[in-house]
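Presented below are the structures under discussion, each in the form of structure tokens.
In the two complexes below, chain A is the common chain; its partner is chain B in one and chain C in the other.
Now for the complex of A and B:
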């Protein structure tokens, strides 16, 4: 029974992922839009582990998103690695190692100083991408020509098939992350979020737990970066920018930190609003101003993001009307 | 051999000498009380014992091993737990989850990458949670969010968090601070049952608690030790009476 109940959320997610392109279609978007949202949702799963579960605010996650994307893309474009899965895995691994190195230095500080260090490191990565490594990364032109996914002879060549591939990877990433946050390891992370002083006094090595959380988040960012190349066929240098790091934080916060689905909701809201607003003639070039105002309203209105707000509302609604809840 | 020993610990904060060459020797399964007026350096001394502060000079020994620079996490892992004067709980977690965190540290060590493990399988940790919640009388409140507890319940949870690390030495920084007389009585009764299994060092202002529990009493004033002895010796000590007790005893 407990096992059956534990499968409800993954099943619901599976149904959602199958229906998502159609839902996006009803709302006037294409399958590309759905794929882009899933990539950001996967990127955001790592950010949620870091911010929503451990309390670490990093402004440098774009560094790992770009690293994973460019490593996987480069390997595939130049046919150095034949397998899509292997290229994604190497990109993810390189991003994780980068996360381990950056984290081991940045996590020696806490709070604002930690955030500033992550920002500084991501600027370093941006510079590396644009100048010393431009022969490899294409500099400001980016990397074109990333081939579509191919796994065990199965070609994911159309956009729909590419969406399916990304959805499968997202689903695995989601299930794995659910497992991580429910583990004893995940419990210690939540304790660090709630009261790091007490967590250390209880006998937990807070620095090492944070470092592993940071590394996992970097791995998720790297994997998401690799997927972006697969459906876009092109890796833009702005994957490395502060703007990208900031966007994923905003998606996390408006979607709902500590909920896992929050970043997916946040990404949907972000991408929709930016597309819809740009197409309204009266708003036109002011779309970013309006987007900013909407976010201010969302963040002040929902203290725990949209997902947190909905779950609070449901809990209160259940408490007020216990009658319609079916007995078990 | 004493279980816990401090050798002439000194702590300076800039020009201020908070603790000035204080030594302490704690035998196993005894209760030692640290008393003294506000600002005597009791809490600073405690924080050095627990590894929260590094002393400016002097050393701390546990079972004959020097633990001075180990830091709070490793000191906790060795078996020294401290309850905080200002309650340090996990406000957003439930009461049972609160106790589970130190219990996981006791059963898993300072770090373990069991990211795919199941919490329900940590039987030893759950057994500790059950035991300490029963000890402090919070079993009924296990599902409550820690933030929603009353002040007295929070102080008991604070004690439970220290107990759940399964310590050999329990450092208690004013466990009865701000409690009503009845709540204080519960704490004293609890410490009376705990003392059979754990060595206790306690900082306390309530003299009834101190004289009722302590085998030995150490008196601090302005960062220095001015007296040490049994309850009756301390009561009779003229210097202590002048400095602190003010004719109460």
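Now for the complex of A and C:
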């Protein structure tokens, strides 16, 4: 019974991923929009592990998003690695190593200091990409010509097929992340979120746990970066910017931290606000102002975002029935 | 050789501005306990306020006053409406709300003035170059160094030689005790937040002739002033100045030798300080 319950969420996610382009289509978007949202959703899974489950607010995740993207893209463009999967994996690995290095320095501090340091380190990556590594990364021009995915002889050449590829990767990432947060490791992270001092007193090496979480988040960011290259065919240098780091944080908070699907919801809201409002002449340029106001309102009043609000509502609604035995 | 001297002077000018911006950040952080991610946006608001007044009056002094007054008032309003609710919330929430605030400020300015980059002309009385030990050097940069030095001196006197400064410093040390001793700490918080905003705005207008004025101009400066605070030490007056000068010189001198690495060198220096002396050069341990 418990196992059957555990399969409901992944199944629902699978159904959702299949239906998503159609839903986006009804709402006036294309499959590109759906793919973009999924990439950010995957990126956000790592951010949610960091912020939603561990309480670490990193303002430098763009560094790993860009690193993973550019490494994978470079390998594919220059045919250094024949397989898409291998290139994505190497990009992910390099991003994870970068995360390990940055994390080992930034995690020496907590709270405000940690946020400032991640931001500063991501600027280091931005400037590395822009100047000294210009020859490799294309500097301000970015990297064009990333080929579409090819796995075991199957070509994901059209946009629809690329969406399918991204959806498969997202699904695997989602299921793996569900396992991570449900594992004993994930429980320690939540203990750190609740009270780092108590977690340390209980004998957990808080720094090590945070570092592992930070590295995993960097790996997710790197993988998402690689996927962006696949469907855009192009890697823009602004993957490394502060705005990119801020964007994913805003999506996380709007969607709902600690819910895993939060960033997906946040990304949908962000992208729809920018696309839909932009088409309404007079207030088109104000979409980001609206977003900023919504964001401040959510932090001030509804700390758990959209997904958190919905789940609270559902729990209260369920409570009318006889209370079920807690499954955990 | 002359190039290096000129770059060293450039570094001093840049460092002076960075010191000023970082000081505003560090005072607010020291007293209120949180980093204002909207500090860069306030820098930008100051630059715009000054630019508007300057293009109407051609008077740089009035432009400086306008930047100060406008950002001070914006600071007062922000503290009353929003920041006040956040003193008791976790640092992450405080960062997020000021980040959101930065988005709002930037987008309001973009809505009013569009995203077009404006040029803030150098005031006529400081537009020329001066001959200095054999090199011709833009006069305004020297003026900028003087303005920053004078402002820092005034702030020093206010913070260390007046009663209100005593309250602020005591509040940085322990706000609760100061409150118990019968000082209205809430009013001090309001004042200090607005003062920090005004310092950012003032830095924005005096730096504007060297920069392009656009809605996103504050972002780089915000991050650089974080680096300054990390290098110098949080909550330290002289740490902000030392960190600012070091950062300014690193950027300018690396530009002379290896331009590609100027920004990279700055962040590498920050990482080094963090490893060797995590509390910053002049910071006190356990303050973070």
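In this section, the second predicted complex is superposed on the first by the 312 of 328 C-alpha atoms of A that agree within 3 Å, B and C clash if a C-alpha of one lies under 4 Å from a C-alpha of the other, contacts with A are read in each partner's own complex, and residues count from 1 in each chain.
Keep this in mind: a residue touches a chain if its C-beta (ideal position, glycine included) is under 8 Å from a C-beta of that chain, and two chains touch if they have at least 3 such contacts.
Everything numeric in this text was worked out from a predicted model, so none of it was measured.
Once the two complexes are laid over each other on the shared chain, residue contacts for A:246 go to chain C alone; chain B is not touched.
In the superposition on chain A, contact of A:116 is made with chain C only, not with chain B.
With both complexes superposed, C is the one of chain B and chain C in contact with more chain A residues. Of the two partner chains, chain C is the only one that A:128 touches; chain B does not reach it. After overlaying the two complexes on the shared chain, residue contacts for A:206 are found with chain B alone; chain C is out of touch.
Contact with chain C, but none with chain B, is seen for A:108 once the two complexes are overlaid on the shared chain.
With both structures placed on the common chain, the touch criterion links A:184 to chain B but leaves chain C unconnected.
Of the two partner chains placed around the shared chain by superposition, chain B is the only one that A:194 touches, whereas chain C remains out of contact. Note: no residue of chain A belongs to the chain B contact set and to the chain C contact set alike, using the contact criterion stated above. Residue ranges of chain C in contact with chain A, taken from their complex: 29, 34-35, 82, 85, 90-97, 99-101, 103-104, 107-108, 110-111, 219, 223, 226-227, 229-230, 234, 259-261, 263-264, 267-268, 270-271, 274-275, 278, 288. By the touch criterion stated above, chain B contacts chain A in their complex at residues 50, 52, 72-73, 76-77, 81-82, 84, 88-93, 97, 100-102, 104-106, 108-119, 122, 125, 161, 164-165.
On the side of chain A, the complex with chain C involves touching residues 51, 55, 57, 59, 105, 108-113, 115-117, 119-121, 123-124, 127-128, 131-132, 134, 242-243, 246, 249-250, 253, 285-286, 288-289, 291-293, 295-296, 299-300, 303. Residues 179-180, 182-188, 190-191, 194-195, 197-206, 208-209, 212, 216 of chain A are the ones touching chain B in the complex.
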